[in-house]
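Take a look at the following structure, please.
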Amino acid sequence: MEEKRSNSAGGVGGMVLFALIGFVGALVVGWVIFPKLLYSEKTQPIRFSHTVHAQLGIDCEQCHHLGPDGRFAGLPTTESCAECHGEETGDNSPNGKEIDKFVKDYVKTGAQVPWLVYQYQPDNVFFSHAAHKGFECTKCHPDVAKTDTPPTYYQNRVSGYSKDTMKMWECERCHASMGTSNACYVCHK
Amino acid sequence: MSGHSKEFPITWGMVIDIDKCTGCGACMASCQTENNIEPQPEASNKLRSTSWMLVYELTNDKAFPDHDIAFLPRPCQQCGNPPCVSVCPVVATDKNEDGGIVSQVYPRCIGCRYCVAACPYHVRYFGWYDPVWPEGMEKTLSPLTSVRPRGVVEKCSFCHHRWNLAKDAARASGKNPDNLDDGAYVTACVQNCPSGALSFGDLKNPKHKVHELIKNPNAFRLLQRLGTNTQVYYISRREWVRKLGDNYLKSE
Amino acid sequence: MEKTWYPEGVERCGLGKFMGWLGIWAVVGLLGVLSMLWVFYRGIGVTGLDNYFGFGLWITFDLAVIALGAGAFFTGLIRYIIGLDELKNIINLTVIKGFLCYSGAMLILSLDVGQPLRAWFGYWHPNVHSMLTEVIFCITCYLLVLIIEYVPLILEQKQLNKIPFLHNLAHQMHVVMPLFAGIGAFLSTFHQGSLGGMYGVMFARPYAFREGFFIWPWTFFLFVLSAIASGPCLTVLICGFMEKLSGRKLTTYRIKSLMAKIGGTMLLIYTVFKYLDTWAWINGVLPKAGLTFDQMFYGLVYGKWLFFTEIVLCLLVPVVFLLTPLRKKPAFMYSGAFLACVGVVINRYVFTVQALAQPVLPFTKWEIYTPNWAEWLTSFMVIAYGFIVMSLSYRYLPIFPQEVGLNKK
Amino acid sequence: MGLDRRAFLGLVAGGAVGTMFTPIPWKLLDDVSIWTQNWSWIPRVPKGQIDYVTTTSKLCPAGEGLKIMRVAGNPISAAGNPDHPLSRGGVSALARSEVYMLYSPARVKSPMKKSGKGFEPITWEQAMLEMADKLGAAKGAVACVSGDGTGTVNELLSAFVGKLGAAGYFMMPSEAATAAKAVKLMGGKGQAGYDFENADTVLVLGADIFETWGTSTRNRKAFGDSRPVGQKPKSDYIYVGPTRNNTAAVCDQWIPAATADLGVVALGIAWHLLRAGATSAAPGFDTFKAVVNGGFGPEDVKRATGIAPEVLAGVAKALASAKAPLVVTGSPCGQGLGAAPVIAGMSLNLLLGRVNKPGGVYALPELATVVPGAMTREAMLAGDLPAFLKGVADGKTPAPKALLVYDANPAYGLPETATMAKALEKIPYKVSFSSFLDETAAMCDLVLPNSLTLERYDDLATPYGSGFCVYSLTVPYQKPVHDTRTTGDVILTLARKMSVDLKFDNFLQVLKEKVATLAKASGGFVAKDVMPWQVAAGKPAPALAGGDLWKALTSGYAWTMVGQVQATLGFAPEVLAKAIKAGKAPEKAVVLAPYAQLRTGTPTTGIPCQDLTTVPDTELIGESTFVRLNSATAKALGVKKGATVKLTAGGASCEAKVHIFESVMTGVVSAPLGFGHSAFDVFSKGKGANYLSLLSVVEEPGTGLSTWAAADVKIA
């Protein structure tokens, strides 16, 4: 034992040094590597360009609107997209190809596009868009209107949620500041 | 300790006319699908099956031909002073909302079942297993109630998601979501009861008919002497039925 | 080789025999582990619990084990705080017993909770009004205290103690032990009480409900008293059992007798309050709820015999056995201690199960609860775990300071 | 610089401490708990816009209009349609099942052909070819059993079978058939309709009007309306029957009487009414009076039924003094009652002058048929299936060469189940159109699954019990979940293949023609703001708006008509004299009095999985069903609560557990129907016993009708 000690980097001092290395190493792993490992990256099934549509003068509400019962219709259905994109264009530009992909894979098959929604709340949350009508959409949603390529979707490998899913404390903070009730059943179902 | 009742400006309540209940089970069947409770092959075993709404058969305990029966549908009584809320270690159940509905938040619940033990009405159910639907039937799940994993406690919520819907509808049509018309928000059991035995509304709103009904001399509540101060009222013209709503000493 | 690990100057049975003994318990433990894994995999549905009996054998087991494990904090309190130095000869045993009881209880609790991965919500989202929150706080903290108390014992193992660092650590830990004994006593008193409080606050369950003092129902105090009465009794029983098993004297009869006397004294105090409480329950709580004493009992499993066994056979009788000269006779001392322990188990059982079985709604009926294999096997697993750890501790750790002296040939 | 133990310890300790200052433990702790609310094996709920569409229940015999909630176009749940006169927002547990039953594990997922003991899936084309071949060979001896009492598909089936050469067209036994027979024997015409909405005193003889009898949901709505919550009831309901069943539980009075004595009780009441001066111009009154006075005096009735004279006098008084009394007769178990008790009950309506009056009984006209060669409902109801099958089993009647089974499960849902199964075995070629793999389908050579309510066009015309003519449509809102087809279409395709002319190309055309015929009928209107009972009570009927009746009907509204066929109803005293005798109550063993409830489904649906929850533990536990008897009966039999007993009758036996229930007459054992399936799925199969099998078919004297509503049983 005595011999070993003399071989080492100098007793307690070495221990402290290594402790420091361990400490810093852990910080690096925890703050830099871990977050990268925690999320998987996903891209949208169709590279939908909001800018193109916005430039055509299409209002957000034309596709994302409240239903008559005050419930949010969410994303447009394949059928409503097909009102404009019913047929393949044969256009060889990147946008044209993407449209043709959409027509071929979804319009022709009648399937709905499995869009990845950055903000979806879990099933146990009841979110009313009607109750939040007064706010700008971008208060909570990423401002996709200015994106040509939809942002990457980060999925938490453990919880399965989108990285952008609003956490409860964020909802609560705003409710508190607005004087709105934070009772459980205001949001949970 | 027994604590005290909070007051809420809106107090949703149910009035159940026992004399009109035929015990058919439409309320229970309505509840099961409204609230995404899985079909249970051993559902008649009441000790293990989940039924937020449960119809009890009451008898006057006399022999034929003096025997009489009545059916008592039992949703969560939404106590004003809930025995279950104060015991929850993690605030998974609470009574803190306008409307006075005792909430149960599944993602918070740790499944200790202390609330199950505390509730004398047996309205609280535990998820003994993960819920399973026959293949494809999950397509008929209601979007308005979340599916619970195993290991958490669940109970009748007065279909509070329907309240949220009604508030949304009121907002969409420019009405006041905090002053709903009578009938704008009713639970699934109330809606579907063919006999009209169940009424629902804001007990404090004079425009709602339950406001008057609870003042009926034949109205009573379950286990009132325990101080639970429930928001579910029962009505029966039969004295023996009313007497079964609580425990009484021989001298009383 | 293995012998060099024994504490200084003691004899132990052969290794083969010891391994055989451990093997038996390992089999029991293994069965328990398998059923535990099954419970984690499938859910609590595999038990005999149901919507009427959300609490059953597991909770009864936890409460009983925690009450009986109370010997640790109470003995520690008397030894370190009050300063009854004699108890140093048995304190180690009580610490290990306490550790086993609490860690075992935690194990069972993690099974009993429907969503064990969320158990930490008790800290992060606590409901300060819930007695259970207090229990969660205190039990986990107290388990830490017990670990801190147990660690120096391990470090005192002959071979480990040769390492200067560990030797010093053990020494330092011993120095601060009174502090931990104090913290332990505080925590333990509180959660013993809160466990009782858990039942006492159920105001819609007349079987369990009790009026009380400030925020604490009477059951709070009764549970504390019954725990500190039965805890020392179990220590005595364990010590006696170990002596019987090993054929060696581990402490003097005087120490055991002292422990039994402490237990008996507490039992007497408990008895007085329990009788007062029962009287108040029969004449206060029950009539207020519109119920009678007779309505609290049903059939054989929920019969009055349980009630009388608990409050006569397991209170009055052991008080006499433990506090009169009868205690001098081992038969009386041990049977007194045993009855006291049985009494506390019955008490925890009826508060857990009978309180739930008793139909409060007039149109419901008594339901019977039968624990099934999943609950039994996991409970036995904890017992097996206790036997194994206790056996190892006895074999390799210097638990009993008097052992060497008492067994000189 | 080597990594010795100390350094290693330092590294680990530093790392551990450092980790505590990173998100790793805390984020993972949080994410793991979030994971527990997001387990991949727990189904997600659907997302999308919610909307509501309307249709009509075909699974539930009460015929409720339904309001279907959909999410993103997919049906989610069924509720009552407030605009439909047979629902008014109410729904039975069975009708509530319409959506999830789409995914019932018991569904037949494609056409199937018998292969050995099991089935093998085949294509529709193969199935059609085979069937055309087999039916072609069976020409002249093709029989059909239908369980759909209200659908126009019966017209297609009967015309098809008729043109192939019918060996018989039979409806599954129902209250409707019994009532039709009674009306016929009384010289009347049309379907008896009961105007509960306008009645103020209702005497119910046996009929479980709030469960299985007729338009039970509508009946309950009417009952509920006459009893505003918290107020004095505006109606008086009296129930006569062997048990205080769900109907009797809410009635103001229950008069215990054995099922076999219902006719005696009716005539006993008639005696009191006659004494009080009741009279009638209806044919046969004098003879009727003589029959009643001759054998149904208070003492006779008391001797036969045990009912005290003052009880019946009280009932007679209540009826006579009421503004709008109504007498309803039916079987406590929804089937098997003779026509004579119905005639006896109807004669009370005659005595009280309640025929074709608001709040009374209407003789409702049948809606015109549209398929050439189709049978009328009256003609279909005349068939006596149990008698026919019994004849086949005994070899007295030649077995048909082929049998088509539509919406029916005769292998389970008939009395003397063993005999009926034997008869079915004798039929060489059987085809079932069942949506579910029921007991009968399991015996068939070919199963051609019908699409379910939400997957098909269909219709509902005046279910028995309705107080008015009513017609509503079933509209598909879901692509067939499995490879199923609407049977109406299948029959039309088959007919074309076999060169049988049925005029139509597809079933939708048939329905459109039916609706077009209705649009032409006078007096009909779409029930929206004005309901038919209001019209009966005097409110003017609105005109049939616009003429686009199809559109109104596909929007969930019902076409209704208040009217009656002109035919004089007589007392049929000679039938009563033969069939009803107030003898001395024989010293019987014990009488089995079954009861049925919608929550256990119908023989064709099995127990809907979610409705199993509504079954109490005093009816079913594990694999045992309970029979109910009162403590006096139990004592006499020496059986105890919870004991397992064997019920034996007519050569068959069933097991049961004993439930002591004091609201059963002494000497009666009450048993639930709807259990004891040997087919369907885990929610039905093997649950309890089918007590129908204990009931023997007996021919009713004077009417010749098969009856089986009660049977003597041995219990041990």
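Lettered A, B, C and D in written order, each chain numbered from 1.
To be clear about the criterion, a residue touches a chain if its C-beta (ideal position, glycine included) is under 8 Å from a C-beta of that chain, and two chains touch if they have at least 3 such contacts.
Quick caveat: nothing in here was measured; it's all calculated off a predicted structure.
Participant: For the pairs B-D and C-D, output the one whose chains share more C-beta pairs in contact.
Facilitator: B-D
Participant: With chain centres defined as C-alpha means, what is the inter-centre distance between chain B and chain D in Å?
Facilitator: 30
Participant: Could you state the distance in Å from the CA-based centre of chain A to that of chain C?
Facilitator: Taking the average C-alpha coordinate of chain A and of chain C, the gap between them is 50 Å.
Participant: Whole-Å distance, chain C centre to chain D centre, using C-alpha means?
Facilitator: The answer is 60 Å.
Participant: Any idea how many Å lie between the Cα centroids of chain B and chain C?
Facilitator: 39
Participant: Quick one: which residues in chain A touch 2 or more of the other chains?
Facilitator: Counting only residues that touch two or more other chains, chain A contributes 67, 69, 71, 122-124.
Participant: Which positions in chain C are in touch with at least two other chains?
Facilitator: As it turns out, chain C has residues touching two or more other chains at 115, 118, 121.
Participant: Could you say which residues in chain B touch two or more other chains, in rising order?
Facilitator: Counting only residues that touch two or more other chains, chain B contributes 46, 50, 57, 59, 106-108, 130, 144-147, 149, 165.
Participant: Which of the chains touch, listed as pairs?
Facilitator: Pairs flagged as touching, ordered by label: A-B, A-D, B-C, B-D, C-D.
Participant: Which residues, counting only chain A, touch chain D once they are in their complex?
Facilitator: Touch list, chain A to chain D: 4-5, 7-9, 11-12, 14-27, 29-31, 34-35, 38, 67, 69, 71, 73-74, 77, 112, 120, 122-124, 156, 158-161.
Participant: Mind pulling up the chain B residues that touch chain C in the complex?
Facilitator: Against chain C, the touching part of chain B is residues 1-2, 46-48, 50, 56-59, 72, 83, 86-91, 108-114, 116-122, 124-130, 149-153, 222-223, 225-228, 244-249, 252.
Participant: Using the touch rule from the top, collect the residues of chain B that touch chain A in their complex.
Facilitator: Residue list for chain B touching chain A: 94, 96-99, 101, 103, 105-108, 144-147, 157, 160-161, 164-165, 167-173, 177.
Participant: Please name which positions on chain C make contact with chain D in the complex.
Facilitator: It comes out as residues 115, 117-118, 120-121.
Participant: Quick check on the complex: what are the chain B residues that touch chain D?
Facilitator: For this pair, the touching residues of chain B are 15, 17, 19-26, 28-30, 32-34, 36-37, 39-46, 49-51, 55, 57, 59, 62-65, 67-71, 106-107, 130-131, 133-149, 165, 188, 191-197, 199, 209, 212-213, 216, 218-219, 235.
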